[in-house]
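Structure in structure tokens, see below.
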Amino acid sequence: MNYNNEMNLSFISRSINESFARAAVSAFAAQLDPTLEELEDIKTAVSEAVTNCIVHAYPDRVDRIYIRARLFEDNTIEIVIRDKGVGISDIDKARAPMFTTGGGERSGMGFTIMESFMDSLKVKSKQGRGTTVIMRKRISMRYAGRIGA
Amino acid sequence: MNYNNEMNLSFISRSINESFARAAVSAFAAQLDPTLEELEDIKTAVSEAVTNCIVHAYPDRVDRIYIRARLFEDNTIEIVIRDKGVGISDIDKARAPMFTTGGGERSGMGFTIMESFMDSLKVKSKQGRGTTVIMRKRISMRYAGRIGA
Amino acid sequence: MKIISTKREGELKIAFEGELDHHAARSALSRISQLIDIELPRKLVLDLSSLSFMDSSGIAIIVHSYRRMNELEGSLVISNVPGQAYKVLSAAGINRIIQVDKALV
Amino acid sequence: MKIISTKREGELKIAFEGELDHHAARSALSRISQLIDIELPRKLVLDLSSLSFMDSSGIAIIVHSYRRMNELEGSLVISNVPGQAYKVLSAAGINRIIQVDKALV
């Protein structure tokens, strides 16, 4: 399907950027005229994925996190969040609720929340090469033809 | 000087992205704890530079606009806005108040506003290759050591 | 951005709501031109009180309205201008040519 | 994020204000642990009414508080939970283990 709009964002893996990443993606998603709840869902999912890059992908160093967001003709937003970190050896295990390698400071519910707040979640990873999370959410149509510029 | 934080953003040159660009840079600048007025100054300058890319750099096509923002140790934000568009043949003339090649829909005050809302403005351009605008603003220190993460 | 117009005894008031940038300016400009052409007011008031943001695209609209009101030998007032928009108009020197009334904070 | 604590007759109330994400969580966790250790409350109330955002980092904090209160044979209540945070807690099934009171809208 064709997309109407695209943005690419990258920033360094410092935790202070978690709120910046949420705000930036949310300002872009606003073009689809989402409800407040839809916007909060997107913010929450982005926060989980970005936190994972900071905590798990780059445990001992500061490196770059990449976000691409696209708005599609059917009012869907696709958000791709990518790192070049340690990677995930067993993705199914990682996606299971409560599984965490993060100790007491993490709940192991990040992927579960991304899944339940977005319509779809895809995770690709290669050990030592990095992880890519692809999320999509269709925004309810409240008026017709709002994206047109 | 060392910078504490950096983000890179790119998006396509559709006018609907003007407000997104303002919001994204402003969410990043918020890390320096600016006053509301300082934040509005930054938004205004970003809006002028991004509009110039959309209107002047890519008059007949949609192409990419690049923004890099950095936060420096002395509480300065540097914003670089770059296009690969038509370029500017005479930069001094272009920077003069009221000069515009945009007709009745533009005021010719874009560069003037960037200059007066930011502490410094540098413009580099090569005809047929594109334009780079570099702006800096020092944010007043209200408390000490707020950027530390 | 939203535009609300009201007419009373030769005075046309056009109020803006939201963000007036280049994206919003094109439709705003044609709407204002149309309103002036229909109403032919003696006095035009642009009410900026509900503008949360304005950049130089707003200046182009104001200058256009000024020229049009001069042709009609009428007057133009920019009223209730919020801080950010006022700073934009001042940086451009508009307040030296056109009556600009700052919003009371 | 801001943390405000009040103690009254064996009940310790800790209120959060702002955004509770991983960035805010580390200092919040050590602050809460400290407060519990000092006050040794019979009942701990985490008041989320002024949270504008919370992600799974908040769950880790709540689970930690729950374990600590179990050790002290006390109780834990999560109160005034705004919509977004409530959805996070529900997705994680926390409301099936710990008493979570939604904010009245």
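All chains are identified by letter, namely A, B, C and D, in their written order; residue positions are counted from 1 within each chain.
What we mean here is this: contacts are C-beta pairs under 8 Å (C-beta built on N, C-alpha and C of every residue); 3 or more make two chains touch, one makes a residue touch a chain.
Please read these numbers as outputs of a predicted model, since none were measured by experiment.
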Chains touching both chain A and chain C: B
Farthest chain relative to chain B (centres taken as mean CA coordinates): D
Distance from chain D to chain A - Cα centre to Cα centre, in angstrom: 25
Intercentroid distance (Cα basis), chain D paired with chain C, Å: 50
Gap in Å, rounded to a whole number, between the CA centres of chain B and chain A: 27
Touching two or more other chains - residue numbers and ranges from chain C: 23
Touching two or more other chains - residues of chain B: 15-16, 19, 149
Which pairs of chains touch, using the document's own definition: A-B, A-D, B-C
Touching residues (chain side chain A, partner chain D) in the complex: 15-16, 18-19, 22, 37, 40-41, 43-44, 47-48, 51, 54-55, 97, 104-107, 109-110, 112-113, 116-117
Footprint of chain A on chain B - complex, ascending: 5-12, 14-17, 19-20, 23-24, 27-28, 30-31, 147, 149
Sites on chain D touched by chain A in the complex: 19, 21-23, 25-26, 29, 53, 55-57, 59-60, 63-64, 83-84, 87-88, 91-93
